[in-house]
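Some structures to go through are shown next.
Okay, so chain A shows up in both of these, paired with chain B first and chain C after.
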Partner chain A sequence: MSALRRTIGPLTLLLASAASAAAQDSVLPARELDPLARLNVATRYSVEVMLDSAKMLGLPTRVLESTALEGIAKRADGRRIVTQVRLVFRSLRDARAALGLSASTDELTAAAGALRVGITNAELSYLARTRHEKQLTVPLVVLADLVTRGVPRDTASQTIFQLWQRGAADDDFLGLWRGVERDIVSGTAPGVALLNRAREIPTRGSPPAAPPAAPGARPERSENPNL
Partner chain B sequence: MLTTGEHAVAQGTQSSSELETRLEAGAVMSSKPGTLPLGALAFTPGFRYANQRLSASARGAAWLGGKNWQLGDGGATLEAFTPLLYGVRAELAANAIRSFHDPTVQNDQLDAQGRLHLMRQRGGVWLGSGVARPLRVAAVSNVNVSSGGIWTKFGPATIRGSVTSFFFTKIAVDSADNTAENSTPVCPTHPAAAAEPTTAAFVGAAAPIGCRHQSRLTDLEGTVHWQHRLMEVTVRGGQRFGDRLDVTADSRQWASATAAVWITSQLAAVAGGGREPAQPTRGLPARSFGTLGVMLAYWPIPRGTVPVETPAALVHAFEMRAAGAELQRITARIGGVETVEIMGDFTDWTPIPLIRRGRDLWELLVPMAAGMHQINLRIDGGQWIAPPGVPAIKDGFNGEVGVLVIRQ
Partner chain C sequence: MSDELQSLDPYVQWIASEARRPVAVDPAARRRLLEAIHAEPLPRRESRALRWVLRPRAIVLPPLATAALAAGLVAFGVLGGMAINRDGRRPTDQRHAEDASSRLPVSLMPRAVKFELVAPKAARVSLVGDFNGWDTAATPMTSQGADGTWTVFVPLQPGLHTYSFVIDGTHFLADPSAPVAPDDGYGHQSSVVVVRGSAS
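The block that comes next holds the complex of A and B.
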């Protein structure tokens, strides 16, 4: 009996520890009922005005709310948070205008990110016209990252557009991105790294179409200075 | 005093650059035995700059007592730290301090010290040793200081305990006003009568009651700092151990409390009071004190917003793999660090710590639906970075954020 007790004791402890460890695997807190309560009154008011505007335009409000929460987490002051939420709102609205009503939330978010690094509405519209049911999210994420890493904007957009036309898949774009990242870390100039790596991607679709007209014009912005 | 536990706590919680300036203004009252209470209007400006490797601070006080302004307590501190490696960090610190109680009791001191900290996420210990040189006091040698301490956090409270030992030589005097408690002769009446010539010796035939005395005293001190929303409270108490010559009755125990209530983000009302022990190494007597005033604080470089070091190179691998329906397992290989956290839109931008699974392996299971997500990674409380191996974009808040596309 005592031997059984000696065996059961440690086993129980072991199971309890394992259960505890498993429970600790995921420690996400429950979502706050009102996460924007972390904003001060003035900032919250400005953010909520933009959330209401986004709702009326059918834009994804979650992205704007997330931007405000990100600002809080990164200890940005209220003015900075409002500025950034406004920038995201405008870019989402421009992305919707460029991609059309059929664009998914992810595509809109990725396109908004691309607009913020300098890709134009005309270029986005060109991508949207040639999408053929394909998702634009990954190419746009890769495009925004490449420009952020220092690839000249025109080089990045034309290369991505050509790959898109040649039928490159999401894995091709991600593979391209990894290769360019490695080359940049090794010391290669960002633009050269992209052109070299793009040549390695096989053509999977129709031959390249003419790239979009040189995007000299900036995307149209809101005439309402408050938005 | 040379040593408290505050440095350790500061390093435990502070990891980004910040520049803080403060101006305190208010009334100060202090008293010591045998004197009338001294009241003064005090203006105390100060600044502090800190990042992961360096901390510099200075503070001064201008006192208006009667009609004259007087330069009161002040000091400057410079600290340098090594990088945190496996929870261990070394520290070198130098201080220059001026203390002013009243026109007859004032002192300057220079000191330097080294410390070794062992830190964990919610607590740590340290050991240190240093030397101090008081000026214009009866101590005729440098003061050797040894210290050790422990700190931990319980919710919004930080609790510290420290032991500090002082060893120095001073000129001791047998005076006629010795109390009954302190009536034991300090100095031998003749060199031949000295029982322990190594600890007490004549300094001159013309000074029959003055001699060199080797003093040792040990302070045991505890501090609780509690911070919640708009209020900060600090309570301090201590006990001193040593022989009767070195530890007078009014310095065996002490306690004090201060509170600050933040009225706005840059203005606080401050009140405090209590008792401070004597500082025999510096010739400063014990005193009671009370303060009441306001404090203006301004952070030209706000806390945690300035990148000081990108520790991405520490990350040997960062991976996300599907671990079930709408569940991702995040795995990172990062050696020599104490904490790894992530946050993103999927956590409502609340930092979540990864769980250490080995020497350099960190893991976490997170619910994450298919689609596009943003993610940041933080190591040892440092700057938020985009995880390596993930496309990144500027976040609009002076940093970068990683972008994940989770497929269905």
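The block that comes next holds the complex of A and C.
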């Protein structure tokens, strides 16, 4: 009888501990343990292949995973999610090629967004060559926003690049964006709004020297006469 | 044939003579027999250690030691399960790789960022983004007063973040006071916020 007691006590404790652990595990939502678990098998496989490829290339996988999760939240079907993750993957890869290995995760993400709205690899390379240790993230975010809001691509890129060369800071670009956004809401044409607001930004320091032309590099830009 | 046999019945005499007749043995039979014996594997001898391990025995532990052992086994299982994902893949060290390659964050301390949306007709508003896995239930916003302004403070790491508001659980809305993210391909615009480091 005493042997039975000695056996039943620890066994009960073991079962209780296991049940407690299992209960704790089930309390955690599956999305926290494995966010991609919400994808179906085929979609998840495709997304994970791209995540692995991005990791091998040293690209930020967080952006790709976020793109997939955004698709889930917005109830996109699996095919659309895979297409979009692949698009972001390619744009990140192109952004890395244009900006170089020293580009930060945020710069790559912003540059990938700029590529997706029509900014070219050559334009990104041009911007990267004149960076002088400055961060490209905010100018690229503003550039992508302006094109998305309807500013003609060439006008937007030319204006942003000139402000960049004049030493404009992040606050200048964000101020420019706010002004243009207000003007567009008020009914001003997007391109006109940008040119008007860009004139208000003072030159900060001397423009950086033009980078030496590399084979296949973008030719030196002409000054925008409207600025 | 002996006299004793001659006195017996002829049938019995025939049986006896047959029994005494030498048997003709195939000369190759002995060889085949030996080959068959050699082909049989020798019986394995169990080692003493194996016999000791396999011998059933009773282990008597005090209840406290048994409980400690059981708790240790459960803890081992739980920690092992946390280290390995459900599908058997180990978590990547991507976070460290990204932090090492990122030059933006001067300080990696999260900063409280205020998100605000005026939506007087909304019954509930939440915030989704790359910081909460685009989970519509993770970051609900609270209504301030009667003017329909919804706010929430979220601690964010310095860097670039993409986000959106979700009204009544279904309608996604970009932040009207922030730059828009490039087309997400899902039919809804999102917004971008750049959280600066402490020294930037």
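Heads up, the rule we're going with is that the second predicted complex is superposed on the first by the 175 of 227 C-alpha atoms of A that agree within 3 Å, B and C clash if a C-alpha of one lies under 4 Å from a C-alpha of the other, contacts with A are read in each partner's own complex, and residues count from 1 in each chain.
What we mean here is this: a residue touches a chain if its C-beta (ideal position, glycine included) is under 8 Å from a C-beta of that chain, and two chains touch if they have at least 3 such contacts.
Since the model is a prediction, treat every value here as computed from it, not as a measurement.
**Q** In the superposed model built on chain A, check whether chain B and chain C fit or clash.
**A** Verdict on chain A: clash between chain B and chain C.
**Q** For A:35, is the partner it touches chain B (first), chain C (second), both, or none of the two (neither)?
**A** Once the two structures are laid over each other on A, A:35 reaches both partners.
**Q** Scan A:102 for contacts with chain B and chain C and give back first, second, both or neither.
**A** Touch status of A:102: second partner only.
**Q** State whether A:60 touches chain B only (first), chain C only (second), both chains, or neither.
**A** After superposing on A, A:60 lies in contact with chain C but is clear of chain B.
**Q** Mind working out whether A:113 is in touch with chain B, chain C, both or neither, as first, second, both or neither?
**A** Both: A:113 reaches chain B and chain C.
**Q** Applying the document's definition of touch, where does A:141 land relative to chain B and chain C: first, second, both, or neither?
**A** Both partners, chain B and chain C.
**Q** So which one touches more of the residues on chain A, chain B or chain C?
**A** Here the partner covering more residues of chain A is C.
**Q** For A:78, using the defined touch cut-off, is the partner it touches chain B, chain C, both, or neither? Pick first, second, both or neither.
**A** Once the two structures are laid over each other on A, A:78 reaches no partner at all.
**Q** Based on the superposition described at the top, state which of 109-117, 199-207 or 397-405 belonging to chain B clashes with chain C.
**A** 397-405
**Q** Using the superposition on chain A as set up above, list the residues of chain A that contact both chain B and chain C.
**A** 21, 25, 31-32, 35, 62, 66-67, 69-74, 76, 80, 83-84, 87, 105-106, 109-110, 113, 116-117, 137-138, 141-142, 144-145, 148, 170, 177
**Q** Touching chain A in the complex: which residues of chain B?
**A** So the residues of chain B in touch with chain A come to 302-305, 327, 343, 345-353, 355, 363-367, 371-372, 374, 384, 389, 391-401, 403, 405, 407.
**Q** Using the touch definition from the top, list the residues of chain A that touch chain B in their complex.
**A** Those in contact with chain B are residues 21, 24-29, 31-32, 35, 62, 66-67, 69-77, 80, 83-84, 87-88, 105-106, 109-110, 113, 116-117, 137-138, 141-142, 144-145, 148, 170, 177-178.
**Q** Would you mind writing out the residues of chain A in touch with chain C in their complex?
**A** 6, 9-10, 13-14, 17-18, 21, 25, 31-35, 37, 55, 58, 60-63, 66-67, 69-74, 76, 80, 83-84, 87, 102, 104-107, 109-110, 113-114, 116-117, 135, 137-138, 141-142, 144-145, 148-149, 170, 177
**Q** With touch defined as at the start, can you tell me which chain C residues reach chain A in the complex?
**A** 60-61, 63, 66-67, 69-71, 73-74, 77-78, 81, 85-87, 92, 94-95, 97-98, 101-104, 128, 130, 133-136, 159-160, 162, 166, 172, 179-190, 192, 194, 196, 200
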